[in-house]
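Input: structures, listed below.
Here chain A shows up in two complexes: once beside chain B, once beside chain C.
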Partner chain A sequence: MTRPRYVARSTAIAARALGEETMVMSATNSMLFTLDEIASVIWESADGVTPLEQIVADKICTQYDVTLDVALQDAEALVKGLAEHGILLLSDEPLAFSGRSHKETP
Partner chain B sequence: MSGLAAEMTAKALKMGIPLSVQLDLTYRCNERCVHCYLDHHDHGEMTTTEIKDLLDQMAEAGVFYLTLSGGEILMRRDFFEILEHARARTFCVKLKTNGVLLREAEAERVRALGVESVQISVYSHRPEVHDAITKMPGSLRQSIEAARLLRRHGLHVVLSNVLMVHNVRDYHGVKALAAELGAQFLMDPTITPMMDGDRSILALNVDEAALREVFRNEEVAGNVEEFCAPPRSFDEEDLDMLPCSAGHTACYVSPYGDVYPCVQFPLPSGNVRRTKFADIWRDSPQLKEVRSITLGDMPTCSRCTHGKTCTRCPGLAFMEGNMRGPSHQDCEKSYARTGIACENLQAKKAARQPLPSGPLVQIQIWQPAPCTMPANAPDSHGVDAGLR
Partner chain C sequence: MPGVTAATQRVDVVVEIGGLPIRLSCDDPAFVHLVQERYAGYISAANDAAFDFEIELAPPGTESRDEDVRVTWESGCWLMERGDFRAEWNPSTGQGRIQQTRNPYSLDSVLRIVHTLLLAQRGGFLLHASSAIRNGQAFLFSGVSGAGKTTMARLAPPDAAILTDEISYVIRQDGRYVAAGTPFFGELARVGDNLRAPIKALYLLAKGPENIIEPIAPADAVRGLLGNTLFFARDPEFVKMVFDTAFDFVRQVPVRRLTFAPDSSVWGLIV
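So, the complex of A and B:
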């Protein structure tokens, strides 16, 4: 898969927002990651059904001074990196919802 | 603690976020350990619904590390319902158990739910010693079997070894057992007072000579030269620093909903049945008082020759009657490490006044247990992986 179209948070993680950042820990190897503000936006929106391009267009390009092409390229690199550590799932097809966002109210 | 975890803790401290909570689900237990501080009767534990609501509140407040402990957590029939809820709220969950009730099905569920680690208490590698401490025949075999099962499922297992007069020679055996199981070994050399403030149980603490031997054992203490280095007092600029994470980025909640700065700091600070968790965390006068204390506010310890190298626990100091005062047990530990007695210890020895065995402070139900801070936190007691 060269262009991941759908992204979903893995259930094998622990995560919490800390200010604008997000702490994410892999449950498989206890590796800790922090996502910066922009990465956190993508993480929050990774519901498995919204295409990555739409997330970038709606949530990144409307908030930051960046073109869709550039932002999408960065987002793809980010999600591939996170997928390598098993904390995000990538697919060409929509994914079943994987986990609830830590920001959602109960 | 990794650099990143330390950075996150520093950020949480700045933002006033309770990053780490130990929640005891029950004080009931199937073992009756000789050093246990608990009243094992159920005085009205929080219900499943109350605990789930509390977990929602804690997630909202920013809690990331959640330690579920007891008593024995598997004594609660709703344990997996609670764990499932905690993981759905994406906490990083650590479990503390004796493992006796853990079988294949439980191990599989713990793994499937993505628990970060499971800590199992093992007092000795010899059944006659371990089972005499737990007062439960067969308990060592069952605890080891649980550890094996969990390891087989790929879980991070920690064998926790509390040092006391009964098992003072057995930590080598437990460490070897941990290595054989592929588990981490953690030793706690401190027995803390009972939940009603009764200090008679402190008689189970090992003596200074035994403590010195443990502290000089490379296998346990790591870099002995560093761990037992000559004492250093605080520099002027250290005096603004905070004593530990209790009440700053961490707290403890009992099965009855009582909130304390730490599991080892029984200062009642509110109850989640009456007040929202976030409101207690933010507004409790007791937590505010704990937060206000810097090293400079501790008249004895700030001037002590051991100040910088001591592992002083404010909770233990509180149980001795003054949260700003020294903790006698830590004075003893500093002495055992360095061979140099601090002034407080010298004065106590000279006065030949043993600590009273009766309650020094009146406290509510609580359970002292190892520090709630994430392992290897900068302000944790351990100098190396193995020793707290």
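So, the complex of A and C:
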């Protein structure tokens, strides 16, 4: 059984929604990211306490014609990429609050 | 024989860009004269300055080839470093110190950094863009190196006042965005006219076979603007200020794509 994964938005970012997209800028290197509609849903739901699988099941699979397996695989790739840039925190345990983690994985 | 003491007297000059006067003092009158020549048109006759920098000249050959700029916030001061300069500035006191060689372009770089820091707090920014005033309104032409910033400045008609061909100065004034002239130049190799005017439009430049202005999506406008904004400080608070300003700017100022053939006919569209 796969352990749940938790995601939280970093505090070292600036972010704004623009239409259905979300623009995120890293405060550490000024890189700018544009999240599409589905990525924006995951971003908005990344509260550090809701497992990623639950976010995908509740917010993606109910709104878009996609299976949980496929959507979760895409979501894992997305959050891993964003975590590598330090704008999202990824953990095997709930993150107490957005922006803090004692057990982050890159 | 009586002892002789060499008294070093500091000479100063106030450089005012975008309405922000910065006093520069140095114990080398020849260097201060060099600064006066470099920033001709931006030297303030007033003695008052909001910010003071003492310049210490390092002997030639002491600079390194490190071309990376580092701007960090430490113990209440901004630290700015590159191979040819090291500067620190305390925004609370307005006092700072610059160590550099005699190259005036090192000072140019420090001033650009200081102005990006000052502008961020005031809802403004420096932009890789040429700019000009025509009919009382300012137009900005932004793009990466080679996009045509200097070309647009060179092609400008006689009734256009060139504010810069390289680094545009954007201020938020009375709730609207205003462009001011700067002494920061590119290939045109001349300081901009020390004027200011409300910004009518920002054009993201592209070269093509014909002149055409096209609307762009707000997200593309923000991307284009932030992609050409001068960023030095890797500080979360600073980045957030600039980020928020970019969104506000795009909400207020029309941002368009300007594809142009490199001849003066393009200015027929800039009205």
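Operating definition for what follows: the second predicted complex is superposed on the first by the 94 of 106 C-alpha atoms of A that agree within 3 Å, B and C clash if a C-alpha of one lies under 4 Å from a C-alpha of the other, contacts with A are read in each partner's own complex, and residues count from 1 in each chain.
In this text, a contact is a pair of C-beta atoms (placed from the backbone, for glycine too) under 8 Å apart; a residue touches a chain by one contact, two chains touch by 3 or more.
Nothing here was measured: the structure is a model prediction, and the numbers come from that model.
Once the two complexes are overlaid on the shared chain, A:17 sits against chain B while remaining clear of chain C.
Touched residues of chain A were counted for both chain B and chain C, and B has more of them. Residues 11-14, 16, 18-19, 21, 23, 25, 27-28, 30, 32, 34 of chain A touch chain B in one complex and chain C in the other. Residues 2, 4-5, 7-8, 11-12, 15, 17, 56, 59-60, 62-64, 87-93, 114-117, 154, 156 of chain B touch chain A in their complex. The touching residues of chain A, when paired with chain B in their complex, are 11-19, 21, 23, 25, 27-28, 30, 32-34, 99-100, 102, 105-106.
Note for the complex: chain A touches chain C at residues 11-14, 16, 18-19, 21, 23, 25-30, 32, 34.
Residues 217-219, 222-223, 226-227, 231, 234-236, 238-240, 243-244, 247 of chain C are the ones that touch chain A when the two sit in their complex.
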